[in-house]
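What follows is a set of notes on a single structure, which appears directly below.
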Amino acid sequence: MKIKRILILTAAGLLLTGTALFADDTADTLALYSDAFDMIWLVLAAALVFFMQAGFAMVEVGLTRAKNAGNIIMKNLMDFSAGAVAFFAVGWAFMYGSTAGGFIGTDQFFILGADSAVLRDWIFQVVFAATAATIVSGAMAERTKFTSYLIYSVVISAVIYPISGHWIWSGVGWLGNLGFHDFAGSTVVHSVGGWAALAGAIVLGPRMGKYVEVNGKKISKAIPGHNMPLAALGVFILWFGWYGFNCGSTLSGTDLSISHVAVTTTLAASTGAIGAMITSWIQFGRPDPSMSLNGALAGLVGITAGTAVVSPIGSLIIGLVAGILVVLSVEFFDKVLKIDDPVGAVSVHGVCGVWGTIAVGLFAVPGALDNAGLFYGGGAAQLGIQALGAVSVFAWVFILALLLFTIISKTVGLRVDSKDELEGLDTSEHGMESYSGFQIFSNM
Amino acid sequence: MKLITAFIQPHMLNDVKQELYKNEIYKMSVTNTLGCGQQMGYHESYRGVDIEVNLLKKIRLDIAVNEDFVKPTVDAIIEGARTGEIGDGKIFVTPIEECIRIRNGETGRVAIG
Amino acid sequence: MKIKRILILTAAGLLLTGTALFADDTADTLALYSDAFDMIWLVLAAALVFFMQAGFAMVEVGLTRAKNAGNIIMKNLMDFSAGAVAFFAVGWAFMYGSTAGGFIGTDQFFILGADSAVLRDWIFQVVFAATAATIVSGAMAERTKFTSYLIYSVVISAVIYPISGHWIWSGVGWLGNLGFHDFAGSTVVHSVGGWAALAGAIVLGPRMGKYVEVNGKKISKAIPGHNMPLAALGVFILWFGWYGFNCGSTLSGTDLSISHVAVTTTLAASTGAIGAMITSWIQFGRPDPSMSLNGALAGLVGITAGTAVVSPIGSLIIGLVAGILVVLSVEFFDKVLKIDDPVGAVSVHGVCGVWGTIAVGLFAVPGALDNAGLFYGGGAAQLGIQALGAVSVFAWVFILALLLFTIISKTVGLRVDSKDELEGLDTSEHGMESYSGFQIFSNM
Amino acid sequence: MKIKRILILTAAGLLLTGTALFADDTADTLALYSDAFDMIWLVLAAALVFFMQAGFAMVEVGLTRAKNAGNIIMKNLMDFSAGAVAFFAVGWAFMYGSTAGGFIGTDQFFILGADSAVLRDWIFQVVFAATAATIVSGAMAERTKFTSYLIYSVVISAVIYPISGHWIWSGVGWLGNLGFHDFAGSTVVHSVGGWAALAGAIVLGPRMGKYVEVNGKKISKAIPGHNMPLAALGVFILWFGWYGFNCGSTLSGTDLSISHVAVTTTLAASTGAIGAMITSWIQFGRPDPSMSLNGALAGLVGITAGTAVVSPIGSLIIGLVAGILVVLSVEFFDKVLKIDDPVGAVSVHGVCGVWGTIAVGLFAVPGALDNAGLFYGGGAAQLGIQALGAVSVFAWVFILALLLFTIISKTVGLRVDSKDELEGLDTSEHGMESYSGFQIFSNM
Amino acid sequence: MKLITAFIQPHMLNDVKQELYKNEIYKMSVTNTLGCGQQMGYHESYRGVDIEVNLLKKIRLDIAVNEDFVKPTVDAIIEGARTGEIGDGKIFVTPIEECIRIRNGETGRVAIG
Amino acid sequence: MKLITAFIQPHMLNDVKQELYKNEIYKMSVTNTLGCGQQMGYHESYRGVDIEVNLLKKIRLDIAVNEDFVKPTVDAIIEGARTGEIGDGKIFVTPIEECIRIRNGETGRVAIG
């Protein structure tokens, strides 16, 4: 009897231990797998977002003149390179370090002591920072001093972007705490880039020959880009990279809303292109390729904030509006305000970034956020918060960038001299030609 | 010896060449050029801004010939390039004082052909 | 004693409950992980397949003339954009909705009520639909009216592609039920595109100057493409994207046959390029770059149907044959049939798509399908089914597309007028130039 | 009583079985998931590395003259295609077959009998082999006979690369056994390509017009590349692909050091670009775009060996040094040694490959390898092994390649004749033009 | 009839065109060219190797006019192209013996305008 | 004053320039052109279809000189461009009536150099 009882007890005991051990092992493995999902998801998404640098470079090269192609490439290469080092040194710390009042991070400089999870998050974040930085090069193309651009790159990646990023994405920022929702960065990334671009374009002034006085009236002249195939390639690369940008922003590889994000992203980009094509058709009498390309990007920027919280139908509308908006906005900045933005960066990233941010307050489906969007009967609560965020970030970025560019302009100088501008920045800034051997009308 | 310089529509080049060949004129030089003549320019637009294109793409043909070949050459060009519409182009004849074949130093009438 | 027994019972009870709870949790997590695998796999694969749009755009731009580059880009951008919206609205429903007799799907319009799994499948499927659509633009390049092309895009993505797709991939289609095997779409995607392209090229007629009467005989003239580097880039992008296309078609991230698919895909593409290079060398006396590029694509199209069921050695042969075939087919369509297909889309996607479909019946290894291929002693059963599928889809697509293009041709008109064609579609259809400033012989 | 006891026993028994069954199932699923992680990770990484072929093609096209663009493309396409088949037939066997004394693999020809894991490893390895092969085309650009290049491609992929690869990466090779560490291939891939490129460039001799006698002194002349935007695009593609190259080299999707690898890779590329830009600025008075692009690649090559074992700060330094080194090295090979390497392949891949290999011995953090690096107080042990490896591989590759190219040169001939070189290889080797219609000064 | 051929700085083309228009000279042909004159070349570098560029980008303008238009045309070109710096360019006047309008075969003075 | 116009092989441009420099002729204009002469075209093919290329790439050189410089210039061009093979090219000499330096309005002989 006793023996039997002991046997039973022992059996049960062994069983207990075994199960426990097995459970422990399994739990460890499951935890590892969870980490592995996030790891490969975020690193692959980061690689895709990195690739967007190529997209920006090609779009900007394509929509400007041949004589500045090498300079644009250098700017795109170096804003990433300098920006990455800056974001490594201080940017990450300002963005994700322990908060000082929800306004700025204060530790983790040089991401010292980072474990694999922090390194993973850093790699995903640095490519976003670089995206914000590189947006500006398009608006400032064809006339900016290379050295000055380098200075700007460091400042935006080290200071401007991370601080407003902290407000929204750090988990402890004041805007995030208010319930401001910007899933993948319509505001955090794109508007920041767009408004810095606006400040830059204003301080720089237009390219020579862009606005000409005819009978006392300044009229806008076209300065056609030199390579539409590359511009189109750039847009396809950006769209491709955007799957990393938006889908990756789930921040987790086991988040099953990834497919929702992918669908809304695709639909908005599509209707963005359609919207811009139709608008350009109506406005100019012909479907304009470079505008349609901008339209796809506008749709993508527009959906970025709300991609996870709006319905597919919602995304169709957001994209369509963005596509229409971008054409009108490009015209407005060019013909009314006479601000020269060669690639439409301000309209695509600034204006459509705000539209996307606001759209969250209109189209958020019930249950996704604390408040549903206005169109789903959630009232104007979310809308108000979104507007507040958009305005705050605008103010922060625009004022700081205006200051920065003005200081650069007064000190090292922001603009190349007019002879160099006419000749092209490739020769004057880099002493080379981008299309050696090709016969090109350089007077254009 | 004369130099016949013609500015024609790019897409008429093939027809002009055929006509020249028919008249056994095989030597010529062809250059890309932009022209502004009676033909009105047209309007392109780029990103919604109008571009007035008044320098149109043209082909410049230079043909050096001996005097007796001037008429056949001019006629052949006209035959090939004429559509009757503005933009068909123009032919100029200028004098050549000397012509030298680099290969063997031949000069004058024999060198031209 | 009693107490002891109770203790034991309690212990055992606890153990039971604990284990069960733990087992429940674990099972849930494992199920979530399974979903997560499929999610990230299919979304990443979809992104890769999306990127193939850039590949198609670059190949087509590169193999046509500079004066039509902007138009081609617009067609590629808009066939995706319009196609995606069409596939969202009705295409998916026709393809994957509840079947009506195995011929057409009948519900899920606007993918209403889709959960994350359906959204995931939609994003993976829409990029396939867009691939089929975009194949056509190459064959119809340099002479098609833009508006008419838009109409075509919507119809193929909304109706033609989804219905034959339903037959094969819906799980309940009549061809699929017969045992027709097309792993990633040699027929479903590529042949559909290729045969629609053929219909388009026929209805359109050749480009001006392509076939010239000399002594009463029509001879084919070359109209060289203007940008080989971009064409090559396009092929590399397509090959890259094909890893998403084929490997993603496991439809599951935990399917370990992924590597098999990747290997056969790589080998077939390689021997496709080799086959075309050698054939062109023999035929024309020199290894022709644009043909070798076509060869790589031919190998890829050829392996797409059988990639999961043929051996690596089988894939070498399939690719090689495809590479040889594509050169002969291009010559046949051009010189014998005098059908003008500027980029060889009919040969690459139509002809090699059929070859790949048939090849399943020849090279399927035993055990992979119900019947092994002919060369593995499985008899002609599978071969017969494959041929039936290829013929049925040909008939369906070719007739419908012929009808469609004829109707368009009689109503809105399919072709630009000859002055516009000579001048180039960039100026006439879009009022812009693609390479502004470059000096280009536009008479070519 | 008895019944109760029996009940208890039964309950416990059931419990035991149930738990065991559940544990079995779970373990199977977990094992499957582990395989799935590795599968999707390596296949996606392989796709990224494959895409680097496009990067190499664009860099090489961009940095050479327009009249050879089609030839370069053909070389890049065919070295992959022929190389893949060669690596399939024998390369893999020599690299990963059962070892003969740590020097060469001896079985698994045609990867016969490979299961999904071997196929997975093959697909990941073949793209590395192709990378090594394709590096050479840049250094030999603009003057090499196409046929001869094909022969070379097969030999390097079938023999040269796999054998030195066996020494280091097979797990049983003599260098690996000594503790030589080359995480992702600074030596195994890049130096192999770089030194073969050096041998090729030496045997070939410089392009016509590259070195001109002026007053009895040979001086170096610039032969500018024709397409900087494509060269830049190529570099961005390479950088993008490098995330597959380096991160994929964890060989496991559940290895959480992936993020560490991604971070060091990014930082080194950035400081590489910065280093080269600054060095070129100092040396030539202006920030040189093509050198800065080379700098980014140099940083990437430099970090490839040590990416997993050096700290982020270490990677910053490694990249910076690589960036400086590449400029000095390009100048040295060009101006001092007068070896004509149009794209700087020898400097980027050979020299910086060695630097990266050595850097492991300097910067390896304690705990990562058996010995820490010199700068971390680990002494010179690791440094010595790294140097030994670098030298051994140099000797193996350089001598064999020299032999190979000399034999080719004496038999089929390595170089096109001078008329063809002047005219351009596109016309002479392939009978076509790459930029048909564009007006190009072909005398450059 | 004379042919006026001018080599000017590329970026002065617009100004020159404006001046010509002011003088009611609308017909011209414009070609891309490279020029070597008193203007020194400049130095570019490529990958650290110096390139001496002594063929500078220029625009070649060909304008055929009747005798009485020679002076206004030359003056207009000078007005538009002159900056007073080396590199401003040069104008050559050569005789034309005949001029034919392809469209309608008109020749001589009436054809030129 | 004469205008010397030469059509030469593109890859001979460098040699021609060297010869001209030796003779202290530094001013010239260089244009890309396509030429059809005694030299036969060649055959390219594209996607298996033969292309007969009979317009070959040439360089057009325009050099305006004073009378006494005509011979040295022509000789220098021949010296630099001659290989003795068909395709070497041709030189045409035409009269110039006037030459104006835009920078300072100088005309005639002094303006040309």
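We call the chains A, B, C, D, E and F, going by the order they appear; numbering starts again at 1 in every chain.
To be clear about the criterion, contacts are C-beta pairs under 8 Å (C-beta built on N, C-alpha and C of every residue); 3 or more make two chains touch, one makes a residue touch a chain.
Predicted model, so just to flag it, every value in this text is computed and none were measured.
Colleague: Can you name the chains that touch subunit A as well as subunit C?
Modeller: The shared contacts of subunit A and subunit C, listed by label, come to B, D.
Colleague: Out of curiosity, which chains are bumping into both subunit C and subunit E?
Modeller: Looking at subunit E and subunit C together, the chains touching each of them are A, B, D, F.
Colleague: Same or different interface residues for subunit C and subunit D, judged by whether over half of the residue numbers are used by both?
Modeller: Subunit C and subunit D contact each other through largely non-matching residue numbers.
Colleague: Of the chain pairs D-F and D-E, which one is connected by the greater count of C-beta contacts?
Modeller: D-E
Colleague: Rounded to the nearest whole Å, what is the centre-to-centre distance of subunit B and subunit F, using the mean of the C-alpha atoms as each centre?
Modeller: Those two chain centres are 18 Å apart.
Colleague: Between subunit B and subunit C, what's the gap in Å when you average each chain's C-alpha atoms?
Modeller: 48
Colleague: Calculate how many whole Å lie between the centre of subunit C and the centre of subunit F, each centre taken as the average of the chain's C-alpha atoms.
Modeller: 53
Colleague: Touching at least two other chains at once: which residues of subunit A meet that condition?
Modeller: 8, 12, 15, 19, 26, 30, 33, 40, 44, 224-225, 227, 233, 284-286, 288, 290, 431-433, 435-436, 438-442
Colleague: Two-or-more-chain contact residues of subunit E, please, as numbers and ranges.
Modeller: Where subunit E meets two or more other chains at a single residue, that happens at 31-32, 45-46, 94-95.
Colleague: Provide the full list of chain pairs in touch.
Modeller: By the stated definition, chains touch in these pairs: A-B, A-C, A-D, A-E, B-C, B-E, B-F, C-D, C-F, D-E, D-F, E-F.
Colleague: In their complex, what parts of subunit C are in touch with subunit F?
Modeller: Listed in rising order, the residues are 220-225, 280, 283-286, 288, 290-291, 327, 330-331, 334-335, 344, 439.
Colleague: In the complex of these two chains, what residues of subunit A are touching subunit C?
Modeller: 5, 8-9, 12, 15-16, 19, 23, 26, 30, 33, 37, 40-41, 44, 48, 65-66, 224-229, 232-233, 235-237, 239-240, 243-244, 247, 253-254, 256-260, 262-263, 266-267, 269-271, 273-274, 277, 284-290, 292-293, 296, 312-313, 316, 435, 438-442, 444
Colleague: Sort out for me which residues of subunit E touch subunit A in the complex.
Modeller: These residues of subunit E touch subunit A: 10-11, 13-14, 32, 42-46, 57, 59.
Colleague: Give the list of subunit B residues in touch with subunit A in this complex.
Modeller: 32, 45-51
Colleague: Which of the residues in subunit D come into contact with subunit F in the complex?
Modeller: Residues of subunit D touching subunit F: 422-423, 427, 431-433, 436, 439-443.
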